[in-house]
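Going by the order they are written in, the chains are A, B, C and D; count residues from 1 in each one.
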Amino acid sequence: MAIFVDHNTRVLVQGLTGEQGRFHAARMKEYGTHVVAGVTPGKGGRQVDGTPVFDSVEDAISATDANVSLIFVPAPFASDAILEAAAAGIPLIICVTEGVPVHDMARIFTHLDSVRMHSTLIGPNCPGIISPGKSNVGIIPGSVAGPGRVGLVSRSGTLTYQIMDELTSMGIGQSTTVGIGGDPIVGTGFIDCLDRFEDDPETDIVVLIGEIGGEDEERAARFIADEMTKPVVAYIAGFTAPPGKRMGHAGAIVSGSRGTAAAKMQALEEAGVRVGRNPSEVAGLVAALSAN
Amino acid sequence: MAIFVDHNTRVLVQGLTGEQGRFHAARMKEYGTHVVAGVTPGKGGRQVDGTPVFDSVEDAISATDANVSLIFVPAPFASDAILEAAAAGIPLIICVTEGVPVHDMARIFTHLDSVRMHSTLIGPNCPGIISPGKSNVGIIPGSVAGPGRVGLVSRSGTLTYQIMDELTSMGIGQSTTVGIGGDPIVGTGFIDCLDRFEDDPETDIVVLIGEIGGEDEERAARFIADEMTKPVVAYIAGFTAPPGKRMGHAGAIVSGSRGTAAAKMQALEEAGVRVGRNPSEVAGLVAALSAN
Amino acid sequence: MDLLEHQGKELFRRWGLLVPEGRVAHTPKQASEAARALGPTVAVKAQVRIGGRGKAGGVKIVHDPEEAEAVAGAMLGLTIKGHPVRRVLVEAGVGITSESYLSILLDRTTRSHLIIASARGGMDIEAVAEDEPEAITRVHVDPLLGLQTFQVNRVLAGLGIPAASRKAAAAAVRNLYRLYVEADATLVEVNPLIVTDGGEVMALDSKVSLDDSAVFRHPEMSGYAPDEGVGSQEEAAAKHGLSTFLKLEGEVGIIGNGAGLVMSTLDLVDQVGGRAANFLDVGGGADAKVLSNALQLILADGRAKSVLVNIFGGITRCDLVAEGVVDALGAVEVTVPVVVRLAGTNADAGRRILSEARHPMLVPVGSMVEAAEKAVEATR
Amino acid sequence: MDLLEHQGKELFRRWGLLVPEGRVAHTPKQASEAARALGPTVAVKAQVRIGGRGKAGGVKIVHDPEEAEAVAGAMLGLTIKGHPVRRVLVEAGVGITSESYLSILLDRTTRSHLIIASARGGMDIEAVAEDEPEAITRVHVDPLLGLQTFQVNRVLAGLGIPAASRKAAAAAVRNLYRLYVEADATLVEVNPLIVTDGGEVMALDSKVSLDDSAVFRHPEMSGYAPDEGVGSQEEAAAKHGLSTFLKLEGEVGIIGNGAGLVMSTLDLVDQVGGRAANFLDVGGGADAKVLSNALQLILADGRAKSVLVNIFGGITRCDLVAEGVVDALGAVEVTVPVVVRLAGTNADAGRRILSEARHPMLVPVGSMVEAAEKAVEATR
């Protein structure tokens, strides 16, 4: 099973003809991911490393039965790319692009919320999703992942690779790692991912990697307390971040007294979540749970 | 049971202080409908015939637990009134107002389609809903209705009264009559009403009263064929309407070869619906079915 | 409200679409003057609110002012499918390298906006849709989200615009969508949308329908409403606030309350072998004055060989309706039967008023079917 | 991007909100000239990107140009919560009859826009929300639907605007919302929004944050970006494309790849008893040049008593990172320990490069925890 992506995943890459798109598509194929199409308006008919390019998502789906769209197009065009993929009815859209304006995302989020729309959006500004040994859609280095029964969901990139790497080197594999992205508004939040992991028979333990800003971790904590039976281990980055300063990610900012790491950790611990103080501690907590 | 409105219906009237609102609220109360509040911005604190008036729908709901909003405000303000009622989360909104711009309705329809919105809109340009003996919300004259087990759903007003009157005078009462309205875009179409009648244990037979324009009757026919077990009798007005001419209702217009009464009748008959050629024939068909 | 070609093009211009230079002429003389200013080669086009004028001789290309004057003279005498030609549009000729079809309309089924594009310009699009469905591109636009770039790209592909004119065509598509939304149109059609020999993208024809319900937002557009001419029945109806009046071809005058009921009455008249002379809905809550005006309007026209008044009283009170009928019968000379059927609120009182009037032309009846039969019978 | 008060007011004016007449002064002399033009009574207000300047002496009312000059002179020497005052805004005095609070911000929880209104103007709104929650009105606006009339009415009720100024206040609310959307703001705050003694509705202060990601749509607004002064560390970072650089108060210089990992590194340094001197994310796929620049930037500042380089190679290659580190160590004199932890892609090759460099200040370590400990230890 795993969640979101697996052996049946057929990826089209919006922006395949760009430098980033081409580079990561090649890495994904190397990993064994089925990359079946690229889309760049006006460049239909070409090929990139053997993958056919189409003018539109609609054309690409008709020709290749792609069921996931991975977006690498530059920020000014990313909103249009997301809306095109959604209009074409593709079930899963993963947007890696960083720097999508937040007003665009507010509109897109509201639009995708319509009952007529049937697409799940991951990101933007996210590293993508990997189900180790099955499919790798995005920029997560496959080398840090190993197949197993721990699910990860995270707002960040390299920090997640760090934790995956520690787990893998301890012999603890992962069912799926989902990078939901570091922007103030992302298409899919922690809760939806936790819900899927809870329902996934191939996941035993879930790791949530949060950071300062917003209150998604607090809401996730309530969800865990109310709805989850599987153990959850968490990590929160940004305890030392000063208020009002954006810590790299557009969404990682403490506003006044809101969005602090301390508040998030407290909420999670009150929900029964074990919170590690650094990546190694997180790995250790997961290892202890796995041993049971 | 009945559908949409019954003994538990508590009506607030948006535009109660206007001439129309006041007149029809009085008639509704006379019928026994619970009219609990009025809303007119800037006129909060007044009373109209003993009914308290509030500045906003939110205030009115807090104070009176109203669960249906009936809208009589003039067309330029009707869209705002609908959106206010929906934002306040009222489950059922009935808009009597005629002349709401169709672009406004396209936007409102899309908005109400969001999974975050929980309101059903009937109308605009509709006569409302009556569940005889229980509740009368709108402008349908209570005198033509009698309680019973026939459900009616219609795009028109007086034509429906005519058919109700013929049924009632033959001793055939109604569970609920829903006037969905005569505009090109209405909040709730035939199918949703048919679905509710199908599920309503107090309804045995359904009468569908359509007219030229659009293809809602054709879609209703498919729904009847696929989903309904209860017998349906139909009537279509406008066989003699010339193409391109608007027959009173903004939605009653044959465009090219589309939206003709003949096509609608054929679709309904192919779905097993008995179609009467005039109101009396419709009443006769229902009587025959009732006798079985 | 359907606009004339030149009115639609006024809107096109206002929203940044290119159209040929042109002038409206009400007389042959004005047409020749326009041809002198815009020519030598100009198009003379009859301005009527109906399609198919080309086949009916409503569009001519001429090469000098004298020819323009002669052609306009002939055209201004024409009646195309019942629509008299009261003005012509004289337009400068343009060199065409390609013709496409572009329209935006309200799609009732999906409750959204629909853009239709085709490279088969200048043809009957319904016929193209029938014969070559793959030659038609359909793009639905979400009313809240609005037109997106990827959709413009789809439309451009459908239009088959040459690469050099893509940018201009994209602007035309965006401008047309803005017009459609901002002017509260229910249809905007450009057939053909051309690429000129200079690479410009231009609307050679226009068909625009505006939402009557939204005129309050566009008071400046109320001037586009059809001007049916002084003294016409439509003008009289409008003057009496009877806005849902429609002239038809038959001989039975029809008055009723409620659009559905009136349509149903027309159908019944047809079923028993007659034809309606008009559609007239007096609306909800009509009083004696409204009824009297409505009846006098139908009687004054002289085409009706009988009149059918069909009222189902809800808010409308049948006693007031009856008073209105009697008032009208007293006010004008009545030479045709007036069949009146009253039901609902105060119907008994109404029927009493009618029978007490004892007017020889007044025919009170009990049911809709009987009303239709009596009214049609009287026309024979 | 947080704007200064006068920049926010520039936007207010552009979007039709009233603000007092005012001039920016960079010198006491300019302030006295402004006071002469706008006075006699003017407000002199320090322009800093931080709240609470009033209590810090950053806002003064003065009554003649000489006083203005003196006050501005004192103010231009101030540093308010670490923000040096580089300019003041001199504004004409206005008569106030009421003060309200109005703001619009992105509500991350509902993914929609949130308008906050209160009749308690001129106060700390978080304190009002705490003490008198019923004095705060919150209205969520759907991002696709936009601001509706009923919502404006709710906001006006919350603002407590007197009836005579309702229309002006409604326009102010609508204009502020337009600004918020059209300028891609994430926060617009007016505290206080006043009614003047003439009944006008005016923004007496402004707080505006724009979305950095949307600057490509508003190139004219890029000039609002903080000008940290020539020769500053921020300027140097920006010059090298290291845009996610943030100066902090501590003594351990931090370089890492990925925002989460860098935050995590800062936290670890804190956990083992140190404090970070900066936040510096070199981003994805950094090469030797980027790393060398980043390291030289931190070393040049002189505040760091040690530097911690923490790289998890994904797209980033650790061998290139190591080359960059070695390059920087060769390019400048290094007097503080540089602790380097490499993991992921090509980490072994990277570690080999480091050890072969045999630089006395270079401290290769195996884990993040060890890295933090070594780096903090070195600062003692």
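Everything below uses one rule, namely that a contact is a pair of C-beta atoms (placed from the backbone, for glycine too) under 8 Å apart; a residue touches a chain by one contact, two chains touch by 3 or more.
None of the values given here were measured: they were computed from a predicted structure.
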item: Farthest chain relative to chain D (centres taken as mean CA coordinates); value: C
item: Distance from the mean Cα position of chain D to that of chain B, given in whole angstrom; value: 54
item: Where chain A and chain B are represented by their mean Cα positions, the distance between them in whole Å; value: 45
item: Rounded Å distance between chain C and chain D, as computed from the means of their C-alpha atoms; value: 59
item: Residues of chain B engaged with two or more neighbouring chains; value: 107, 110-111
item: Where chain D touches two or more other chains, by residue; value: 142, 144-145
item: Chain-level touch network, classified as line, ring, star, complete or other; value: complete
item: Residue ranges of chain A in contact with chain C within the complex; value: 41, 55-58, 77, 80-81, 83-84, 87, 107, 111
item: Residues of chain D that touch chain A when the two form their complex; value: 50, 106, 108-109, 111-113, 126, 142-144, 181, 184, 186, 211-214, 216-217, 244, 246, 248, 256-264, 266-271, 275-276, 279, 281, 284, 312-315, 343-345, 367-369
item: Chain C partner contacts - residues on chain B that touch it in the complex; value: 75-76, 99-107, 109-111, 139-141, 143-144, 154-162, 165, 182, 184-185, 209, 211-216, 219, 235, 237-242, 244-252, 256-257, 261, 277-280
item: Chain A-touching residues of chain B, taken from the complex the two chains share; value: 110, 113-116
item: List of chain D residues in touch with chain B within their complex; value: 142, 144-145, 148-151, 153-154, 157
